[in-house]
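I have a structure I would like to understand better, so I am pasting it below and will then ask my questions one at a time.
Chain lettering (A, B, C and D) follows the sequence in which the chains are written, and residue indices restart at 1 in each chain.
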Amino acid sequence: MNVINAIPSPVRLKAISAPGQPEPTPALEQLYRGFEREMLVPLWTEIGDLMPVNPKSRASAHLWHWDALVQLADEAGRIVPVGRGGERRAIALANPGLGGRPFATPTLWAAIQYLMPGENAPEHRHTQHAFRFVVEGEGVWTVVNGDSVRMSRGDFLPQGAWAWHAHHNATTQPMAWIDGLDIPFAHYTESQFFETGRDTLDPGEYIKPDLSRSERLWAHPGLRPVSRLEDLPVTPMLAYRWQDTDRALNEQLTLEAEGYEATLSPGHAAVRYSNPTNGRDVLPTMRCEMHRLRAGAQSRTKREVGSSVFQVFDGAGLVTVGERQWNVRRGDLFVVPSWQPFTATCDADHASLDLFRFSDTPIFEAVHAYREQFDAQ
Amino acid sequence: MNVINAIPSPVRLKAISAPGQPEPTPALEQLYRGFEREMLVPLWTEIGDLMPVNPKSRASAHLWHWDALVQLADEAGRIVPVGRGGERRAIALANPGLGGRPFATPTLWAAIQYLMPGENAPEHRHTQHAFRFVVEGEGVWTVVNGDSVRMSRGDFLPQGAWAWHAHHNATTQPMAWIDGLDIPFAHYTESQFFETGRDTLDPGEYIKPDLSRSERLWAHPGLRPVSRLEDLPVTPMLAYRWQDTDRALNEQLTLEAEGYEATLSPGHAAVRYSNPTNGRDVLPTMRCEMHRLRAGAQSRTKREVGSSVFQVFDGAGLVTVGERQWNVRRGDLFVVPSWQPFTATCDADHASLDLFRFSDTPIFEAVHAYREQFDAQ
Amino acid sequence: MNVINAIPSPVRLKAISAPGQPEPTPALEQLYRGFEREMLVPLWTEIGDLMPVNPKSRASAHLWHWDALVQLADEAGRIVPVGRGGERRAIALANPGLGGRPFATPTLWAAIQYLMPGENAPEHRHTQHAFRFVVEGEGVWTVVNGDSVRMSRGDFLPQGAWAWHAHHNATTQPMAWIDGLDIPFAHYTESQFFETGRDTLDPGEYIKPDLSRSERLWAHPGLRPVSRLEDLPVTPMLAYRWQDTDRALNEQLTLEAEGYEATLSPGHAAVRYSNPTNGRDVLPTMRCEMHRLRAGAQSRTKREVGSSVFQVFDGAGLVTVGERQWNVRRGDLFVVPSWQPFTATCDADHASLDLFRFSDTPIFEAVHAYREQFDAQ
Amino acid sequence: MNVINAIPSPVRLKAISAPGQPEPTPALEQLYRGFEREMLVPLWTEIGDLMPVNPKSRASAHLWHWDALVQLADEAGRIVPVGRGGERRAIALANPGLGGRPFATPTLWAAIQYLMPGENAPEHRHTQHAFRFVVEGEGVWTVVNGDSVRMSRGDFLPQGAWAWHAHHNATTQPMAWIDGLDIPFAHYTESQFFETGRDTLDPGEYIKPDLSRSERLWAHPGLRPVSRLEDLPVTPMLAYRWQDTDRALNEQLTLEAEGYEATLSPGHAAVRYSNPTNGRDVLPTMRCEMHRLRAGAQSRTKREVGSSVFQVFDGAGLVTVGERQWNVRRGDLFVVPSWQPFTATCDADHASLDLFRFSDTPIFEAVHAYREQFDAQ
């Protein structure tokens, strides 16, 4: 015979006088004690929180200044070593609304990673999807399944689940970049696997090519190698270079100026990093895009299901998220929680405001739960 | 000029001596104060929790006895009215590992719903996907977008997002059933919308047909109405009747006895409720199945990413989940957390053990994060 | 060194005076001789045929009377044996517009097959997709990959590419049915493979079950065996029974009478035989449907890309195809060529007109070339 | 009352003594007369042709020399005007096995198109899919839906169904290129629509940009405009430039030389022109690729369902198709019929053999009828 539930119940129920709830009575109190004993919670005490008219995010609209991040990362560079166990000198944004956990939003992780001259971050792999984005600097190579990928300003490096990877700083300067991962989503849904690899790569693996092999194979517009015809869930391209991104954004604005439809809205160009094997998002859980507003232009005000993290890549402007508003400049990171209205405006005295964005949208699209809405302006 | 971050930081960091973490020093303490001030958390203090070798669920393997649930629901029936605001007399399983919240698992809601003779649960709709499963009783009709659906023992009633629905007990007996929803997932990912409908339906809408219109249109094996050719994300069939489910399970076991491949493993038959427009899961976020083990048969021991809730529909048996083990009987509900090994065995003196199961597997398949593993036995 | 083109040219060109063509001159005649020598043909002499404003089918609208077919098949039954080499006593419809070839339409094969008491049609397999439809009679079993499938009036038996199959008449009466295949399409596109199997099955394989194993596993509405979760290009159900088809059609008409949307147009019910693994057509190249017009009802006049073959299953009515019009009755077969307008009307003194239809539509949908158009009436 | 079948039957049947066929008798002759009268053909007289063990193509392996084509096209340029009615000065390959029709293979059209200095080919559109490939020359612009596309050596210009298009030669030299279309497939399946547009474009539309607007929007590796997120059945990129193709092929051979997997087989690089919205073929009915064999390299010998047309873009080599073998050089076109083994070898004294290829493979993949086989060498 088995004895069950021999643990103290975490359920605590209190009869209160409130709309939609039964009037407090001794009988109700007794019922609630029974619920607690049997690990039960009624809908009627929870419905306001669980079934709101539209999403009310626990996460806050919040801004992190790049200068402050880099300064703290640099201090960490001097006193915290990189190695097995801690694995990475990565310092994550902790959304003020999420209880001090290293979660930029309920689903997204965003961190500054920092590597001192000559340092190596040891090889490992995990099922969380990841990417790197470089707002400034260069000189680190990320080695993914043995393929060395240069990191330079403006480059976007996606890295799908379960790929071995290590980092090496081949210069005499520290380098910072941001890591984006779906760590909170994998944590919440309890779907993570992790494996450590070699502590150090062979010196011969720290080669420093201008282009990774993945780019030499894949980064040709509209062309696929006939030797690689599978539809892959994650992109096989390990780097999307700034030169290409910049040109694509410029062309959209020029086409618009010539009178053709190319932009999202007047003065607002945007490209999505995509998987050349299927035209879809680079990673199954994260959408990654670069947006450019020309001088004085303003984006349409949009709400959408799910959350985004933005980093200012260049320029300066004004950003409004729900009831918050900030002037932003290069490197600044901010968060747009679910269903909060978002607008960005490029300062009139800057050529453009370039915003790197990543979001959890593919999760919602995959389960048919995505909604968006444009507000009148 | 804007002032940011004028709220107290929720981040609390403590330098400790531990593997993979930097040695506590005054400099480290000072760095941590800086992190707290700027709402930052380093990976090295969190990696053990966030990046385990495999999923370590916060949820517990847990069993709820049906008798206890029904007794409490019946008491609630006598003292808690059903109406607008509370919306439903639904009493949810609260997993002991999940802090007293009404979450059976991190992603799934499971509740007993109870309706007294003549009662109406008012009309509403929400983006959370839902289903009803009837372990015993009959006499309630669920009205979905104006289509009356009878509920009888063994019936499975899926109900996709954003469909108007109300319940009516047309008998002189109370009736209980279970509701399954993706409420915790929608809550966590902040993707919920909700709308109230009419407080009471017209009496003429409480018709009591043997089959809903949805079944008359769709419940014909392999046949689609040519007037309805869209690929729908949720099944258009509002009821899957026990008679069909039972026959399908029996045929699998009979085919196995005749020497043909039909079962999952010896003595273990299983059917999945499916969407006839695309052959996929009935709901984008929940997989729903009925399993039957014949007398003495044992399922293969399986671990998988994601969580399940089971209800015993009939028979009796022994269930092992991780380190827990229970004898189960009709109506009992239990939870299998992510990556915990699960085995079920039918008692030798029962004809069969029938287990209704629902899980969050479609979410993981949609984002390519699903894994499963069969353990040697 | 190789000598090429040492065969007489099949090209014959004639300079003529016609719109869009160059004026005949000696120089043009000389040019045409050069084209002939080098196996070339100019667009300008062919464009009218190859690039019409809309499809002009070479196939004719044509009707075959069932009585005549059965009588000839019966004569063949007495003088033409069934066996290896000829393989089947199948007599195909030869569209008058297609040069005497056994092609009902440019892409579709339709034949009456006839099996005398006790006869066996030997086992073979081929990449052409096939189905059987039974307008009358019973007593033949088709054995598909070892699974015996009963054939009775109204049953539809799809059989995808490369499945072993044989037929056996287990009664003392001859039996006729129709075979539908994509033989002309496979012939034209040159994609056929064929293999002979055993000349006779073991007597033990000629079992006569009421339901095939495929039906016992699959023919349960909305339920899939968890042991078979692949998305298959062809349906795994080897028979769709008349009882189900008839009930589904009746329900549509009853729902319509009750005021609900269920039919294609007033008085016109239709079901499509579908693949339960993906909700799509039973076969990748052939769409198969059953249509029912109630007494006096008329279908909407429709043109579509691609061709159809119809067989009258029951009732009587008037059918219009392009400029042809026929009174039709049980068993009659007729063809609707590409883009010819089609209308059917049930006689007022018959309860219904039931029309079995198959078409090549999936081919056009697969390559995004499908169009349809409804004519004003 | 209607009289049917009042036309002479095209069916002609002859009783002969042959394997698999019934012995000729007067009764059989009489049966055949009945078949002829009723427009019927038995399987047993046709099965050898219709159901072979594997595809036996009616099309021949055949070679067309570019020099001869260009010379005849040039003569046509002098005596045959371009204009409405004839529409294009296109001269099509007529496969010797296909009865003198302008069909390179049963499904594919390949023609040399020729435009004299200053000439315009008038605007039209059709549902046949098309592309242009330029083996030499430049100076013609193709205007697709108002977007001017430059044509230069090595460029590939796909153009999906129903797009308005015209050509203009802006130079003082004639220019030749090849057109590939699915005209024979659309003709056979009877799915063609055609519309004439303006006879001449406005002079302002004959702009001569280096890059079309489609390229400026789309030709950026791995980047999609966020303003264009639909999954399109045909590629939105109107030109794939030789510079990109050449670099992609070179990278594959260099990667192979460095020891990495990148080529199809040793010394054999290949890229497929793909649709950036879904990673699939540029056109739903035609696969288009560029292959490069380095000096002395030989491709694997391959058979496949469906037919291909090749044009030698550069280099020289030896080509074997079934029992035919040819030495080929720049511009030569040849055909590989269904299931005939194909091998290409680059001459040892040329740097490479570059072969442009198009085939009907997407049709077979779409209906699950594709097979391929590599022969031992």
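Here, a contact is a pair of C-beta atoms (placed from the backbone, for glycine too) under 8 Å apart; a residue touches a chain by one contact, two chains touch by 3 or more.
Note that the coordinates shown come from a computational prediction; the quantities given were computed from them, not determined experimentally.
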Most distant chain from chain D, judged by the mean position of its C-alpha atoms: B
Winner on C-beta contact pairs when B-C is weighed against C-D: C-D
Gap in Å, rounded to a whole number, between the CA centres of chain C and chain B: 44
Geometric centre distance via CA averages, chain D-chain C, whole Å: 29
Every chain pair meeting the contact rule: A-B, A-D, B-C, C-D
List of chain B residues in touch with chain A within their complex: 1-2, 4-5, 7, 9-12, 19-22, 25, 27-28, 31, 34-35, 38-44, 46-47, 49-60, 62-65, 68-69, 72, 75-76, 79-81, 84-96, 98-102, 106-107, 111, 126-128, 161, 183, 185-195, 233-234, 284-285, 305-307, 325-327, 337-339, 360, 362-364, 366-369, 371
Interface residues, chain B side, partner chain C - complex: 213, 216-227, 229, 231, 235, 237, 240, 244-245, 247-248, 251-252, 254-255, 260-264, 270-279, 282, 289, 291
